[in-house]
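One chain, chain A, appears in both complexes that follow, with chain B as partner in the first and chain C in the second.
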Partner chain A sequence: MTLLSKPWIWAYLAAALTFVPTAMLSQGVGGAWELVLAALTFAAFSVLVGLGQMLVITMGPGNIDLSIPATMTLAGTLSLKYMDGAAGTGAAGLAVALAVGLACGAGNYLLIRLLRIPPIIATLAASFLYQSLAIWSNRGLRIKPPAWLADFATGAALGVPNVAVVAGLLAVLFWVLLERSVYGRWLSAIGQNQRAARLAGVPVDLVRMATYLISAVMAALCGFLLSCFSGGAALNMGAEYLLISIAVVVIGGSSIAGGNSNVPGIWGASLFLFLIVSMLNSYGLGAGVRLIMTGVIIIAIVAVASGSRRAS
Partner chain B sequence: MGEAVSAQSGVAGPPPAAAALVELAAVRKHFGAVRALDGVSLAIRPGECLGLVGHNGAGKSTLVSLLNGGLEPTEGTIRFAGLEGPGAARRAGVRTVFQELSLCPNLTVAENLRIPDHDLAGPGWRRRARAAVRESLAQVFPGHRIDPDDTVADLTLAERQMAEIAIGFASGTIPARLVILDEPTSSLDAAIAEQLLAHIRRFCARGGAVIFISHLLGEVLSVASRIVVMRDGLITDERPAGAFTRQGLVAAMGHVGSVAVAAVRPGPQAASGEVTVETPEGIRARRGEVVGLAGLAGHGQAEALKRLYLGRVSGWQASRTPAAVFVAGDRVRDGLMPLWSVRRNLTLSRLVALARAGLVDRAAERSLAEDWRSRIGIRTADTADPILSLSGGNQQKVLFARALATDAPLVVMDDPMRGVDVGTKAEVHAMIRAEAGRGRTFLWYSTETEETCLCDRVFVFRNGRISAELTGAEITEERILEASFEMKEVRP
Partner chain C sequence: MKTRTKLLGAVVLLSAGLPVAGTADTSDKRIALSNNYAGNSWRQAMLQSWDKVTKQAVADGVVAAADAFTTAENQATEQAAQIQNMILEGYDAIVLNAASPTALNGAVKEACDAGIVVVSFDGIVTEPCAYRIAVDFKEMGRMQVEYLAGRLPEGGNLLEIRGLAGVFVDDEISAGIHAGVEQFPQFKIVGSVHGDWAQDVAQKAVAGILPSLPDIVGVVTQGGDGYGAAQAIAAAGREMPIIIMGNRQDELKWWKEARDANGYETVSVSIAPGVSTLAFWVAQQVLDGQKVPQDLTVPFLQINQADLDAALATTPEGGVANVEYTLEDAKKVIAGAM
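Up next, the complex of A and B:
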């Protein structure tokens, strides 16, 4: 297996290709390093939601979690409201955020399972519910996170942004989960042929529920960190993460048809998505051109990567 | 190798004046290091029914792919009615009915005709396709219950196979001149299979040609005019069908095991075990018993098995020792994980027992796969190879191994011997006996009466209900057939 045959290599090549011209515009080595740190920081949030979405997409066609933005917003809003900026409430705040994630994931799965609604509809419908709850409880307030949490989310350890460390450790954990654990095998089996998986004794219902729970908890964690990072929860804070969570899975080389996903690609694609926006920004292109270019480049990357996979 | 016999010397068949429909000259096909075909020469003439037999992995499926133009030979030439190159097979009227049922499930039966018949186009093509398929179905399977407008996904396995066969024989813009049937009767019951054999005889009498591939040697002997035996990518024997006996054929295929192994009937000890299975339909099985489900295909046997299995094995938990395991006969729909290696496919049902702290113990997994590879004789160089690189029969062995590798007390088998060769069948039968002797219960649905006769107890299904329960010496082909049909329709 050469490096070039890895499905995730294209995401890293694309990230490198966008990094070089952007870094050339910045002031010397220091500027380039600044760009690396910014990329790591912002990619970390995409990685968090991307990892959860990846597990869901692994289960095959029809499986997708569209409630990620609303879950992020609700978790960020409720946890910040609970902490109310007070010191010493960080752990409890995190617990509130994760509990919100569990509740949202359970809600999604109940709709899918009990009402037999296709996941794409169920998670979309549920997300209106979660978003409304966030609006209702927020009421236009902007509560600041506790100071130390804000410092943690924006700070760095040994030069590496803390959020990137968190996302890096979780990526390793998800790699073990996907590649080495019994759960990961079951997940891949369901994605290839759910009927055959059930007949082979795979606990399909358990795995599906666990996967929707994990996706929602990851979204909640991302919402919590993002609201601490940006100094408060905003009602639209999750909006752009809907497309991002799906794009990083696809650009990262995971199969949209299910059964075959990879973790390294999530990081590569997250870095690429940040770098392409900053490249177009630093060349001073207008918002319209920027969006068109972003779309065209993403399509090109996916086409090149899937073409090379077919050839191999 | 000098063993390869040239087809030109074929004794039977039509006068040599008839031009060959397909002619292979010293054809080799290699996939990397694997020599799937290693120098095959063969000619097929109008009016012939060529029987093709050989063990799993002998090269039959590769030969089929070359004959229908799906693969290009590595060396040698193939001429279709004098033509060569891409598309020649189609223009010469070569049609294939595949072993792995290959209809598009989302299309109707009639729409599927357009796949072999590209030129069926333009306004009203559906109407013409419907007429052609309806006519062909009526000719091949009189009394069938398939509507050309049925969506393929809604058909049972047997009906899908019937539809695919009818499409193979259907008239089109290019009439079918050579129809290749790869295990066409594997999901059909005896009565329907007999209709097909009769149609093949009529088709050949009208000047068509058929290549008939089957592991059911009785069928091959009864329908073929000439029989070709393959082994390790070579044609090792070739004679007019009359010159072969069943034993002669088995010997020519050269399997070490003897077919007689299968005839081992259990002692009476099985009858005394505790009852472990009891279903609302009335299926009862005791510990250590091999219980057969018989009757015509599609009369509720498969559904009964699936209900029983899904009722015992929850979708919410998995344990080291599952209550039951399932062996699929419809590999693609119910069994295979197409992206995975042989090894991962084999160990899937035993994962919980192979895991430590939730992580798969990969060394234990590898040794389990190696163990079963040699025990059940899976022909693959490395268990890390993709499952799809195996021949159909070997894939089936992997699914057997997946089930038997667990400690489940109940093994549910849904017509699991489709596309498995005689020698392997005998080995698997012996393995089932040995496992039953250790106290496992087997529930075995089979479309082959011969296999059903190996069971301790047989339930015959008719119209979704059990019409007879047979035990011990009562289990005979006649009794099973009798119970399969309404009395007024007893076989002629």
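Up next, the complex of A and C:
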């Protein structure tokens, strides 16, 4: 019963529950394996943004990063423009993307801290700025990534997609950060009671700054990898990742009220979100039914997961 | 001084009364572009075409101004407010790419009542007082199946990639595709996903449905999704079906590479973003006092196997194949609809 009391188990159960009927439709063993690989690949991108959003949400009510899609777009656009498809620019391109992430995160935090704007407004306003910069810098032209980066992003090592390996390693790193580092303790303390944390000597402002920086850098990394994966940065490439980044945190068993986060659940929820769309598509349900069912199922999981948390 | 002004006024009056070729009459008119969205490469090309053509028109003295405005949030309410601002600012014509075919009708009616010419294109409005430059989206869907029937007389399974759910254009193209399948019953749509006209979204959706699909011979699309579909199908190690492309440069480039490698053949079809410039000239013609039917149809831009190299050469890297329209083109479209 200890396993069932873990808040993240529901995300994995839901993922399994959607996997089985989809795999049953697939053509033979190869088809089911193909589905596993596709799920790992696309879940990886959700995991990257989800991990960052999770840290932000952990800081408690009012903390949320709505600039994730714009940061992804800006990082993808600027880094691919910088590399311009040339060989030998991969590391520098990644550095450009991460620097964009740092700049966006710093911009968000400055708005929140200096102008004392609530994060939900500050990150939304900042995202207009980042999106406009992306439009202005390249006018929506899709520049191809260098060949080896495209091969890396779409390739696999020992049968596991490279992007899933990256997201897996980062998830482990985030788990260590949250559970074993003083930063993680501070973060949870702020989320549980910011005033108490401040009185106890937690450097609240420093932790908040670091958290918004990390979230933006993760979004930038996701934008960089997604651009390399899909053959170029598009202006609307981040659009669906705003809702996804919040959904994977909630479905994954992290508390939306903050103070309690859950790294394994991010992966489970990301796999689930990909598989449920695949399942409903595979059974040929229309867009309307698909959206309704996605909503209903997400609510059901959150209700069950939070119910079990209360019971324990 | 006074007599001089009077004289000048008389000259102006005289020249205004003269039956000139019908181009100078709009030189003091101001036209505004009300655009609901700018966040993808097609819309960016649309705005750039507008900028290029109207700047020249202003420099040539055809109109006094042609300003472009885009709303931030792609919301009908926001665009309605934008149109009301344009009415207050006293524009003579509003060229409109609408967020909704019906939700802006109130604002459009207000503009008409204020004596402003409203020309909607791409995202058209149903308000009768407005002019509509519509694309025959149904035909764009139907001809894809017809093309496939020409290539594969024995038929087979198709995968359909749709656009953004709930948008008028998506329903229209999809209805055309389904009409095409009825016309050529040897084809069967075995799967349908929404690709949101974005390569990365299409890639994700196709990768998710592929494992459950039998062999497919063709992929019918709406544009901006063909390259993503090709990537997903290649990643799954399946044999490449005929994917209908949508005039994006990365799609054309992929097609060219496949053609050079193994003789891959397909067709590409979409609307040229330069349709905004056609709408501009139509608005100018209406202001000029020409008789223009309320409903016009713009042909879509089709690229065949033989045109591929030429089309690729003129399409900007990472952009979309485009045509900018001239006054003569607009006159032809108007005459064709009479």
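By our rule, the second predicted complex is superposed on the first by the 311 of 312 C-alpha atoms of A that agree within 3 Å, B and C clash if a C-alpha of one lies under 4 Å from a C-alpha of the other, contacts with A are read in each partner's own complex, and residues count from 1 in each chain.
Keep this in mind: a contact is a pair of C-beta atoms (placed from the backbone, for glycine too) under 8 Å apart; a residue touches a chain by one contact, two chains touch by 3 or more.
Because the structure is a prediction, the values reported are computed rather than measured.
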{"item": "Touched partner set for A:V182, first chain B, second chain C, both or neither", "value": "first"}
{"item": "Partner chain in contact with A:I143 - chain B first, chain C second, else both or neither", "value": "second"}
{"item": "Touched partner set for A:I135, first chain B, second chain C, both or neither", "value": "second"}
{"item": "Chain B versus chain C as contact partner of A:E240, first or second or both or neither", "value": "second"}
{"item": "Partner contacting more residues of chain A (chain B vs chain C)", "value": "C"}
{"item": "Partner chain in contact with A:A287 - chain B first, chain C second, else both or neither", "value": "second"}
{"item": "Common interface residues of chain A - those touching chain B in one complex and chain C in the other", "value": "none"}
{"item": "Contact set on chain A toward chain C in their complex", "value": "22-23, 25-27, 31-32, 34-35, 38-39, 41-42, 128, 131, 135, 138-144, 154, 226, 229-232, 234-237, 239-240, 274-275, 277-278, 281-282, 284, 287-288, 291"}
{"item": "Chain B residues touching chain A - in the complex, by the definition given at the top", "value": "306, 309-310, 313-318, 322, 325-326, 328, 333-340, 344, 348-349, 351-352, 355, 358-360, 362, 402, 406"}
{"item": "List of chain A residues in touch with chain B within their complex", "value": "176, 180-183, 185-186, 188-189, 192-193, 195-206, 259-260"}
{"item": "Residue ranges of chain C touching chain A (in the complex, touch as defined)", "value": "38-41, 43-45, 48, 72, 162, 165-166, 191-194, 196, 198-201, 203-205, 207-214, 227-228, 231, 235-236, 248-250, 316-319"}
